[in-house]
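Scrolling down, you'll hit the structures one after another.
Each of the two complexes below includes chain A, the first together with chain B, the second together with chain C.
The block that comes next holds the complex of A and B.
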């Protein structure tokens, strides 16, 4: 009897520590944040002393041009970055999917930019973009061109931040799509070859459609992550000049620590979280649908 | 495998490969070179490839740990040394805790059938998507006013454990599923309790998964800036926080800051070279099935 009881309790014993930590240090803070977004709260107050202001934080946010600008910058950043990275990453994967020596070394070198600290990535790019000692302007100067105001002009700063992010994260897409390419059924590709398909036709009609499920998941993963980017931009431009590179997570940080408006920052975090939840759910549902489709296909095959 | 036999590659193909490698590691190489230069050389107009490498910037950053006194330093600034110690302690302890409780939870989720298992899985997946920026306000509020652990290393460790757990549980699940259940049943027949089965049979078999999970966990704790910045006080600052703090000054000492950046980048670079296979497995798991 006692053995049976321990057996029934075991899963809960195994789960308990992780469950407690997640409950107190992740779940509770998120609920707390949702509540705090309805408060007028500054960092020197306890939460009990803050006034309840209903949805004022949200209405204030949407009438705040700086917030709308930051929202626009975030969306623009995510869209541009993910598009560029998908095109370059998938293109490189299609190009490098060959039986060459040193492929594993190449992949190792490619994941380096993702592994080192975002702070350090920002630091390296800030140094390279430096108006006088940076390598880009030094090179331009030695070739006789005018220096470019990489980080001091709004449009250039936005482009510079995008270049840095593309450098850091294209390898992620490259590695995932290469893995997808290498797990494609070789029979389909061979069949198309026998039918006389050219390289381009193979890519467009065979490889890309077969890779599509992986590509969509990759795209969603990268999209979710692009809303999380913070440190690289913080080090390079700190959101400036003006608001040209102030993405949402930076704005949350500034609202909380500089403007000391915790309620407003919580409201902003909430909106960001909603966007991410929608994306996550899309991914989840897409995965489920894929699994269901695969199961149905298998069933049909068995019947036949 | 006929698709894999190619003729000799085009020279342009190799040129492209070399260009890609240069682009991928060029910035890192540039940081290394800069960290070995004196400021006079960094600031000079000619981008000379020839210079005498010097360890002076590293001496400045690490002066706390040196057994001799670097003669170019008038006063030793212990900030960075202290931050390095903090980063190491926080990174190692939070990784250890996350892995221990993470493997246990993943094991329970895979092996035991009990109510709420699906719910737990979905929640873990959703929690993975929470960015640190979203946790900034509540963690600051709760840690300061309710738990009273702001400004301590313990507080930072707790956030990192919570932040990493969902990913660790999720990735370890995929490894534990592959452990043949017959092995566990055999051990149970021989009279092993559930904890013995877990620690003596399952754990040794999922070592690769644990390696991948610990690299990812340590990397997050080692690299994270935002929450550490909000929670740390003068004595518990980590390396990323000190780097950003020294950047806000107008006159940046590029040599020293690149040396600190390099020191921060070295552990992840070593992991990458030692365990790139596991890292790629961790990255592709979930997106690419089979």
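The block that comes next holds the complex of A and C.
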């Protein structure tokens, strides 16, 4: 073997250990899950004893109103939380992108929720939403209003989980937007001031368009995460009342542990995985397109 | 178009004072160049005029309007930035028309105006391109175009040529000069390059440490610098400074140093009375030396051939001096030549205050 060829192989040698870990930690479970989704498998059986049922688990899912409801709840949840978080997060970033004394403390405070473990966030909000001793209803009562059935009414429960999620994850969008804002070319913004743009016009015509690449990636990251949310909802409502907050990952959890249908749970997981893969690919393609554009521009610049 | 006056202008950054009591008047339609080394406050002054930097004290008057507390858009000005500050997400046409679109000018007028300006700047072929798809010189022209379409009363330039290579800079400088002749508006131009200042300015304002060292026409600054700083800053190659003493002998006053004595014209005698027998700083422009017999014998240490001119590095009284001569026959390093200096071409400065005597 020539030295040049050995040299070419060196990087792969270094990558091999990580590749092996990936193989066992990622591909093996995925293959296992795909295989399991074609089985009628009960937790008391070993996988070899389960009956092969073909695509029955999948066809059953699509005719199952509870699953369809859960899919709908998940989509609704993801759409609402991501929209709210984007609006509030970007809005806060635009508001706090200035040099006022104490701003660094404020910024740090704003990102605290993100650092708390989701289980703790769920517990915290469950206590705050408590019908009698929770801070919200106690406050309402002291002001003379009727208590709100935060977690015991379907619509309110859905709103309550959304509030908790928005509280926890808006900071994520806030810090990324703030970083994007602060890296914008300050002279372009100054030029727009000279050109006569008001504060709003600067935001709409200059700042937001320039932040767009970061915002798109942030949006996709949040979307992917919001499809996978589990702990906060599990602790707060466990999917109830009824199916009002039963998002996909909860449904999967229940199908596996409560209904003891491992095959069906695997099929659901695969469907969720497909949704997430589509989102991830969108992001990947978007990044590729951005890179390609940057490369093309660089080429033009070198030519000129 | 009104004149612009800066009155007792002051700028502090926290406890640090960068500009204190700056007073300056710019006539209507005048091309004023603020020039000075980095940190002299020239850009800060320009940005205060633009309204991008707040004013700590004093007034900025445009005509009879005090604009110092107004927003940039209320000051009727256009600006060209050092890094061009183009909007990267808009094409050239959109970049140039941004201000007009904000002002809700009607579409066909905007298009006409952009096309007119683009034609004068040779940008017609690039109107659909984004800034990143343009070369440095083209971007520079777009920045200029964006300012020109506005038809503002005052144009501000913040070192607009300093990001271009030397050849392009020369070209753009000429274009700028032509443009300013054509549109005759108030122009305020900041640069650290004295050649740009000399070639473009109707009036040059030399600044140092937030203070105006001298303001005047290029000729005034070159011929009678008010102090040693201006003398050293204006002119290329730089003026030579030597330490000398004023000595009167046999009715002739001369600036005498180690190995040289330059007789001064009688007309200057009276004004220099107080400095007789004192140390002074002597400033001689490299072009004030002329080769000829009977002058100072000077060794040539280095000869820089430029073309029609050569710059010779020599020594006088133990101090290094540069001499600019017309290249007739090449002069080589190691030779010794004789040079004379006319007494009315030397500049004298007080060694303490550095003011011209």
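Convention: the second predicted complex is superposed on the first by the 284 of 304 C-alpha atoms of A that agree within 3 Å, B and C clash if a C-alpha of one lies under 4 Å from a C-alpha of the other, contacts with A are read in each partner's own complex, and residues count from 1 in each chain.
Keep this in mind: a contact is a pair of C-beta atoms (placed from the backbone, for glycine too) under 8 Å apart; a residue touches a chain by one contact, two chains touch by 3 or more.
Treat the numbers as computed from the prediction; the structure is a model and nothing was measured.
> When the two structures are superposed on chain A, do chain B and chain C clash or fit side by side?
Partners fit side by side after overlay.
> First (chain B), second (chain C), both or neither: which does A:190 touch?
So A:190 meets both chain B and chain C here.
> Return first, second, both or neither, reflecting whether A:221 touches chain B, chain C, both chains, or no partner chain.
First partner only, chain B.
> Of the two partner chains, chain B (first) and chain C (second), which one does A:205 touch, if any: first, second, both, or neither?
second
> Mind checking the angle chain B, chain A, chain C on Cα centres after superposing, to the nearest 10 degrees?
Taking the centre of chain A as apex, the angle works out to 90 degrees.
> By the touch definition at the top of the document, which applies to A:282: first (chain B), second (chain C), both, or neither?
So A:282 meets neither chain B nor chain C here.
> In the superposed arrangement, does A:125 touch chain B (first), chain C (second), both or neither?
first
> Give one of first, second, both or neither to describe whether A:47 is in contact with chain B, with chain C, with both, or with none.
First partner only.
> Counting only touches as set out at the top, which of chain B and chain C does A:297 meet: first, second, both, neither?
In the superposition, A:297 contacts chain C only.
> Which chain makes contact with more of the residues of chain A, chain B or else chain C?
Touched residues of chain A are more numerous for B.
> How far apart, in Å, are the nearest Cα atoms of chain B and chain C after the overlay?
Once the two complexes are overlaid, chain B and chain C approach no closer than 5 Å between C-alpha atoms.
> Starting from the residues of chain A touching chain B, keep only those that also touch chain C in the other complex, and list them.
190, 193
> Which bits of chain A are touching chain C when the two form their complex?
Where chain A meets chain C, its residues are 185, 187-188, 190-198, 201, 205-206, 209-210, 212, 297, 300-301, 304.
> Would you tell me which residues of chain B are touching chain A in their complex?
These residues of chain B touch chain A: 1-6, 9, 16-17, 20-21, 23-25, 27-28, 30-31, 34, 42-43, 45, 47, 100-102, 104-105, 107-109, 111-112, 114, 120, 122, 125-127, 129-142, 145, 158-159, 161-163, 165-166, 169, 193-194, 198, 219, 222-223, 225-226, 230, 240, 243-244, 247, 254, 257-258, 261, 264-265, 268-269, 271-273, 276-277, 279-280, 283-284, 286-288, 290.
> Can you list the chain C residues touching chain A in their complex?
Its residues touching chain A are 50-52, 71-73, 77-79, 81-89, 98-99, 102-103, 130, 132-136, 138, 146, 150.
> Provide the residue numbers of chain A that touch chain B in the complex, in ascending order.
Per the touch definition, chain A meets chain B at residues 6-7, 10-12, 14-15, 17-19, 21-22, 24-30, 32-33, 36, 41, 43, 46-47, 92, 95-96, 98-100, 104, 106-113, 115-121, 123-125, 127-128, 132-133, 135, 138-139, 142, 167, 171-172, 175-176, 179-180, 183, 186, 189-190, 193, 214, 217-218, 221, 224, 227-228, 230-231, 234-235, 248-249, 252-253, 256-257, 262, 265-266, 269-270, 272-273, 276-277, 279-280, 284.
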